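Input: structures, listed below.
Consider the two complexes below, in which chain A is the common component and chain B and chain C are the respective partners.
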Partner chain A sequence: MEEVDVEPSPMVIADLNSFIYRHLGFEWGPGDLLVYETNYKLQGPRTAGSPLVHVVRKDEDICSPILLLVPDSNYRSVIRACMEELQHNVSILLAIELIWNLCEVLFIDAAPAGSLLLHLLDWVRLHKSDVDARAREVLQSESPAQHQSYWDVVRRTLILQGRMDEARQVLSKQASLRAESSSVFKRMDVLLQTMPIFNPTGTQTLTEFDVKWRHWHEECDRCLQDNTFASNRHLETIVKILVGDEDTILEQKELLSTWYHFLVTRLLFTHPTIKPPDLHYYAQSSMNMFLGPRAPPEPLDIILLSAFEFDLHQVIKDCSIALNNWWFVAHLTDLLDHCKLLQSHNLHFGSNLREFLVLEYASGLFTHHSLWQLAVDYFDHCPEFGRVYLELQIERIPLDTERKAIKVLRICEDRQMSEQVRSICKIMAKRALRNNRLGSALSWSIRAKDAAFATLISERFLQDYCNKGSFTDLDLLDNLGPAMLLSDRLTFLGKYREFHRLYGENRFSEAAKLLLSLMTAKIAPRGLWMTLLTDALPLLEQKEVIFSVDQTYELMSCLEELNSGTKDSNTTDQEEDIESTKTELLRLALARNLAMAIVKEGTIET
Partner chain B sequence: MGHMLSKFNVIGPLAASRLKKKKKKSREVHTFVFTSRVPLSRSVDDKNRMFVARSIAADHKDLIHDVSYDFHGRRMATCSSDQSIKVWDKGGNGEWTCTASWKTHSGSVWRVTWAHPEFGQVLASCSFDRTAIVWEEIVGESNDKQRGQSHWIKRTTLVDSRTSVTDVKFAPKHMGLMLTTCSADGVVRIYEAPDVMNLSQWSLQHEISSKLSCSCISWNPSSSRAHAPMIAVGSDDSNVTYGGKVQIYEYNEVTRKYAKAETLMTVADAVHDIAFAPNLGRSFHVLAIATKDVRIFKLVPLQKDSSSSAPTKFEVQVLAQFDSHNSQVWRVSWNITSTLLASSGDDGCVRLWKANYMDNWKCTGILKGDGSQVSGQPGALSGVLGSATAQSALNGATGR
Partner chain C sequence: MDPIAKYISQKISKTRWRPISPALLQRPEVFATGSWDNESNRVSIWSVGDHGVSNTDSEFDEEPQLLCDSQHDGDVMDLQFLDQDRLVSASSSGAVTIFKLQPDCQSLSLAHVWERAHWYSCDNAPCTAVVCRSPEVVSVGEDGRVILYKADQTEVVRVIENADSSTIHAVTFLRTTEVLTVNSIGQLKMWDFRQQSDSPAQILSLTGGRVPLHCVDKHPNQQHIVATGGQDGMLYIWDVRQGNTPFSLIEAHSAEMWEVHFHPSNPNHLFTCSEDGSLLHWETTSGSDMSTLLQRGWNSRVVSHSAVPLAGEDDSVVSAWLAGDSSKNRLEATHMLPNQTLSVNSLDVLEQCLVCGTDGEAVYVHRQVPV
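Entry: the complex of A and B
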């Protein structure tokens, strides 16, 4: 069939009646398109402004997505759950369920002749559930036989759907009433009772069943010819139906309500051994007969017809055109792919088409503020391109809160997407730094394993300390652990904070040792040595000797090393004065400490 | 084939009801609802109908030349002939608020672009006044924050160009913080900020003379190690001697320079915009061009010795060519997954293009700015858009 290559009808951006500049500018956004009036040819300013920027979105119904690879029966129950949620979408979902179940019957169960009709009967019954309610209503009423819907129930429900036993049960109510016509009712009862139903698990072959059925059919026909039921027009109608009189069945249009119900009923009473390849002849003619010449088929009808024609490809195509979202198509395709049906129907791109559609669907989900997490699962199930699509899109998720960022990170870490992890952490670190949240910035850079940034933030910490005299974010600094080793500056920061902690806990000799090692091991930056030496002062001036002789010598040499360096020409005279005063103080303290230490170490403990 | 759905179509009422809720929230912003009427023609379905979700009063005093979303889609920058840039932030309820508006250049501002958020909140703009400028947002005083305003300060002005700077783009982030400009004088300049913490220091790393007045540039976003950095430059020069108006330059590790790798000779008319598609694990590159029509090229790199100082050779194929705009095409742009290409033309329309599974391209939507009635449509405001994926997706395989 030729594909009609039609250009889509344009959508007008309203309120551009003053569309004087004649060009539309645009910019892609997350899930939408920004459109604005502009002109690409005009250079230089004009007087009128271009007032509006429009955000254009696609109108999509996103059904609650259901994970792929769910066992088939669950799809149905989940579909029902979907229906409960989105009541206003009932008509679409009913249609979806209808199509889905038919696809199950035809493609997945792939019932052969004999069983096929039984399955189709089930299918029709499933979608005409109001029938049960009606039947019950009638049966439970005071006098069922006089109930106005009585014959409707008998015919529609029961006969048209092939539920003979129930029909008999309802008919018996009538029979008990009228003694004079009881023989007629009995006759009908026998007919109904003896109608052969194919038993797929039984030993009877299809041919045997066919023979039996023909006999029964002839019997019904005989009753009709003999005018057995002429006395009761209702029963007459029924026997005509049993005989498979298409006109009579067609008269029950209202009770059948759909052409596919008509199809199944018609088959039930004319060709119960219908074979799958023959199905579509009957489907097409049933539809034509039922709808008549004037009513054009609706998309749902087209889809079902394609299904009856076993044109899987066309079904998928028509579904995706008619249904406004990807959910159904993607899932149907997925299900069929898993049943290896796409291949067998000679679509060479079988599972790739599935992946293509799933990627489409999942990408659409990604822009949704909460459904993006489900999209991740979909991408996981796309072996070829899932990962690269995910990598691309997960970076774009707005990191509104730390919690969301961590959620996104976890997803990336679980999949070893190290570049994305680094990038997200870097973005968060940068944001924290901008807002002066040093602790947060530091922990993000550690997570990003970004040594350069960690160094930068450590310097800010140290700067803050020099300015304020205390550290912020003590919790973080005290618990850096091995992360400290990310950068030299960070290591220093951690150790320096440790020094302060030891001092605070009065563990002076440990503190002293640490302080010294910071300088001797060259962990401390030169620029901070003065600060460190100044920190040593209180330790030097304790009553008790803390620094040993050797340690004191080391401190002294550090001090001299510091002073021997070239003087910074930028320091003012005042700063130089302060520096030299400090140096003097230190020299004095060191000398005194040295003296006391020598004495202490020289004294023999008694 | 079937005709349009009526009973089947709950989308109309659904869209209307959803948008009614939106109308209650936003009092000042216009929202528009498009419902479908059953078209009389046998056109395709109304799948993927679009509607205008909101309209933002941009408040520029002159034409807007460029609008740019930031990386996460939560901020937006607009620039105009009124010489200013405005920055907008999207609130939790989807409302856009203008958080900054300031005069930037002494001429029309042609383009504005965001740097990757790894580098902070950074914008670059280029203008008719022959300069390109880098802006950075600084966290304001507390009372500014309360008023919801933020400040952007000028970090550097790049004054090397002798003529109008027509485009400015940041290079892919894996290359560091690099900014590229192109000018009407035909020179493409690549700058780098060696210290990403100091945005006032930029050095001019490369100057590429393309001999033709440049109108647009696009970096290949691929960060794959298999691909060397690549930039495409488009020209709107009317010069006919130099036939190819698209040139592709590639960075060579050995020479440490950019060299011309390819000229698309078949693009002989003025090029107004150019865009590499996001590379989704493909080995080849896809480039869209806005010229007298929309063209999509496929560039397949041919094998190359990595120690060679010569640029990569490419096999060039045309994937698609659309002249539906029937006029000059001014802008082309890819969506994030490179599954949709949008183009804007002299016909006042924005068209959306999509490839089906078999790589056949089709128009899947048209946005029109003209308020006049389109003939044949049963109503002024009816709008339906063509089928997206699957219809075209399966076209190639139908074979019917």
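Entry: the complex of A and C
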């Protein structure tokens, strides 16, 4: 993005009628503009502020604003907090706004000499808004000229902020009152009217403006020397200000209230064509003159001074220290980075400054109970480390409900973070298992394609079956579908359940075939073979021959294979007895079946 | 006409229109929202009525105004109006709550709470959905239970234990004593409360895929037609009288579909909203005006549409959703929100008004939906 060196066209932001009585504060974000209500009220009833921060996103092509909303938890707490906290946070916000706007003027707009002062004037005006309230108050009073703050308003507002036309308007009230000194007032009026203001879009060059300004300045000086305004001390003060008498301006300390206001006013009346590189000299001296030798500068002052010195890195550094809020620093740095004003200040661990700050901010967001979805967006904008940070953070979001887990998983799946998907699904599956929700557990394992866990769940089912003699959660087992293939154990479970179903439906030959295949295809775990063979018993005992000769031979070989295995030394005598009895029964049944099968297959049907 | 957006600084999980009394022909003006993922969640009542003088020329662009709200323990998982004055909510803490709304809508208070209606022995089991047909209320939850309540009785009427081994995500009434539930292994189960046994009267599922289903809605006039949506964002239209396969599969969204609603008075219109941030308005048109259809063009892709006409359909009025001849019937979808937002979690439609809520903490109200 090239440096912006033309005035941006004004954008109308709709739907903000609630802002009528308040100042619009705005902050730049990464590609966005954050607009919020400040607590600065011009007039009007003290209504509760709306706890909203609007985001105006500039569309790259059309530059038309699209309103989204990003609530800032800090700002929300401002509105709801008690008075002390309110005061405290508001002042931080005001400071932030001040710094932002200054950075904007100095770095982003990068105004050259001539318009620089105009922008600085705007900046000061924006942050000294009570002036308008006072002015209105005076003008609307019955006899404005007699109003006690009359001259204050004239001086402070208007002159010190360079608002000459308004000053003339207010002065005219005075002029109409006193006919005898009207000529003096007229003189002042002329002076104010003729003050040259640089027009950046006009055809006048800086040099021409400078010449004009000097002429005007000499005119003012002449009035001063001629004692034209000696009759009225107020007007005398004003002309001294116009001439740029630093002492007089300094006398207005109360009305100026800050050293940077003093700086701007001073420049307005002594060096309106100030060039950016010269700014810092005046800034430093203004601060010294205003604050006096003993007052130590506040953090805010230091930050502003660094800005006037065009030392970006210092500004960022000081802001990071002074403000306990990453939001401002992250957004400022990001914006400056976009404007290519920030040389990548490579930090030791490799990522540049801008990314570091955005990452810090987003990490902070992640800890917030509901702003984590926003943080994801921020991480997406950090090319180097964003993904890593996201991977680390996303597993830590507390998942109280399945719905939230589903949303988090969608974020992971969209970014192909398969590790995180597996881990989150495993957490959910484990939780489900702990609560005895086997179906849910299986559902989560299937989503994660986690074969190991699916095996675990199947084992659980089989255990239940062995203990109770019947299956629980038949609705699940009967409808496994292709998910059955996820793990061998799961496949076995599904098929085994199918065997029981077939048996229940009296489809014996199919059941028999299935049972045999479970053993011969080695899908069944060894430990369950005995159970399976025992399940085969009723089929063997049927009047009809169900198992064919070949099938019977296979069953026999399975039985022998089972018995040829090493005996488990832990089995008690009683268990051994049961085992051998079972084996005997099976052998007998198999033998009988074999006999009948041979006969049946050997008989020719006539 | 674009919908009006209102940012309410809390993520919205559910939005519902307050029912309008059939006697008075009013426009829907009041709606309720429930929030989620906050440290303290709220159920709020809003109004989009005409405040003051309405200019017939200007658009009705009043923002919704908050009338009253109440604190809610846990995330608001579902919200339903029992009648004009009572609102039922399902909570992530497992509780089912009835709120009472004062007639002038000035306050919302707790009328009755069934704490831990859904539960695990060592954890909270979120109650995922609730449906009302006054005076009965049915709730379902992650614990796989289906619970029947009567609004004025403090004790629960009936609990179907172990109705499901997986999480039940949504429920809807089919008939007065029958409900249909959908779960996270892609099954639809019909439950008949007249039966003593705790097993479902019927189970339908998608063969070949076990897509978790998140929402279900019944056709307002024809009770055998049901629409569901799930994790894959596809819209399924089922005929519960027959078969194990849905009648239509339509690719609707690119992420989970959170809610599906038939328009209550004009069922040729269907609305769906999704995690991908879009809200679609589906319209089936039967035959006729091809020119307008060609002008508006295709907006959707119908994946499959059964060509076999229904057997035993003796009435001449065949529902456009199930009609077999696809050359005569078209399905169109239009996006209702102007730009992509975060997930649209919920929507409700009544007469010509649509309200929806998003994770971007915005509520959108559209008062001139073309139905």
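By definition in this document, the second predicted complex is superposed on the first by the 354 of 606 C-alpha atoms of A that agree within 3 Å, B and C clash if a C-alpha of one lies under 4 Å from a C-alpha of the other, contacts with A are read in each partner's own complex, and residues count from 1 in each chain.
Convention: contacts are C-beta pairs under 8 Å (C-beta built on N, C-alpha and C of every residue); 3 or more make two chains touch, one makes a residue touch a chain.
None of these values were measured; they are calculated from a predicted model.
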Check whether A:197 is in contact with chain B, with chain C, with both or with neither, and answer first, second, both or neither.
-> neither
Name the chain, either chain B or chain C, that contacts more residues of chain A.
-> B
With the two structures laid over each other on chain A, which partner does A:435 touch: chain B (first), chain C (second), both, or neither?
-> both
Look at A:451 in the shared chain and tell me whether it touches chain B only, chain C only, both, or neither; answer first, second, both or neither.
-> neither
Thinking of the overlay built on chain A, is A:357 touched by chain B (first), by chain C (second), by both, or by neither?
-> first
If you stack the two complexes on chain A, which partner ends up touching A:373: first (chain B), second (chain C), both, or neither?
-> second
Between chain B (first) and chain C (second), which does A:296 come into contact with in this model arrangement: first, second, both, or neither?
-> first
May I ask you to decide whether A:481 touches chain B, chain C, both, or neither, giving the answer as first, second, both or neither?
-> second
Chain B versus chain C as contact partner of A:404, first or second or both or neither | second
Have a look at where A:316 lands relative to chain B and chain C in the superposition and call it first, second, both or neither.
-> first
Can you list the residues of chain A that meet both chain B and chain C?
-> 15, 51-52, 54, 431, 434-435
Partner chain B, residues of chain A touching it in the complex | 1-17, 19, 21-40, 42-61, 88-89, 91-92, 95, 296-302, 313, 316-324, 326, 329, 347-349, 352-353, 356-357, 359-360, 363, 385, 388-389, 392-393, 395-399, 419, 423, 426-427, 430-431, 434-436, 456
Where on chain A is chain C touching in the complex?
-> 15, 51-52, 54, 66-69, 71, 76, 369-370, 373, 400-404, 406-407, 410, 431, 434-435, 437-440, 442-443, 446, 472-473, 475-476, 479-483
Which residues, counting only chain C, touch chain A once they are in their complex?
-> 5, 7, 9-11, 37-39, 63, 75, 77, 92, 120-126, 128, 142-144, 162, 164-167, 183-185, 187, 189, 200, 203, 205, 207-210, 212, 231, 255-256, 275, 339, 341-343, 359-362
Touching chain A in the complex: which residues of chain B?
-> 1-3, 5-8, 10-11, 13-15, 17, 30, 32, 34, 39, 42-45, 47-69, 71-74, 76, 78, 80-83, 107-108, 117-121, 128, 139, 173, 197, 223, 272, 278, 280-281, 324, 330-331, 333-337, 339-340, 342, 344-346, 348-350, 357-358, 362-371, 374, 377, 380-387, 389-391, 393-395, 397-398, 400
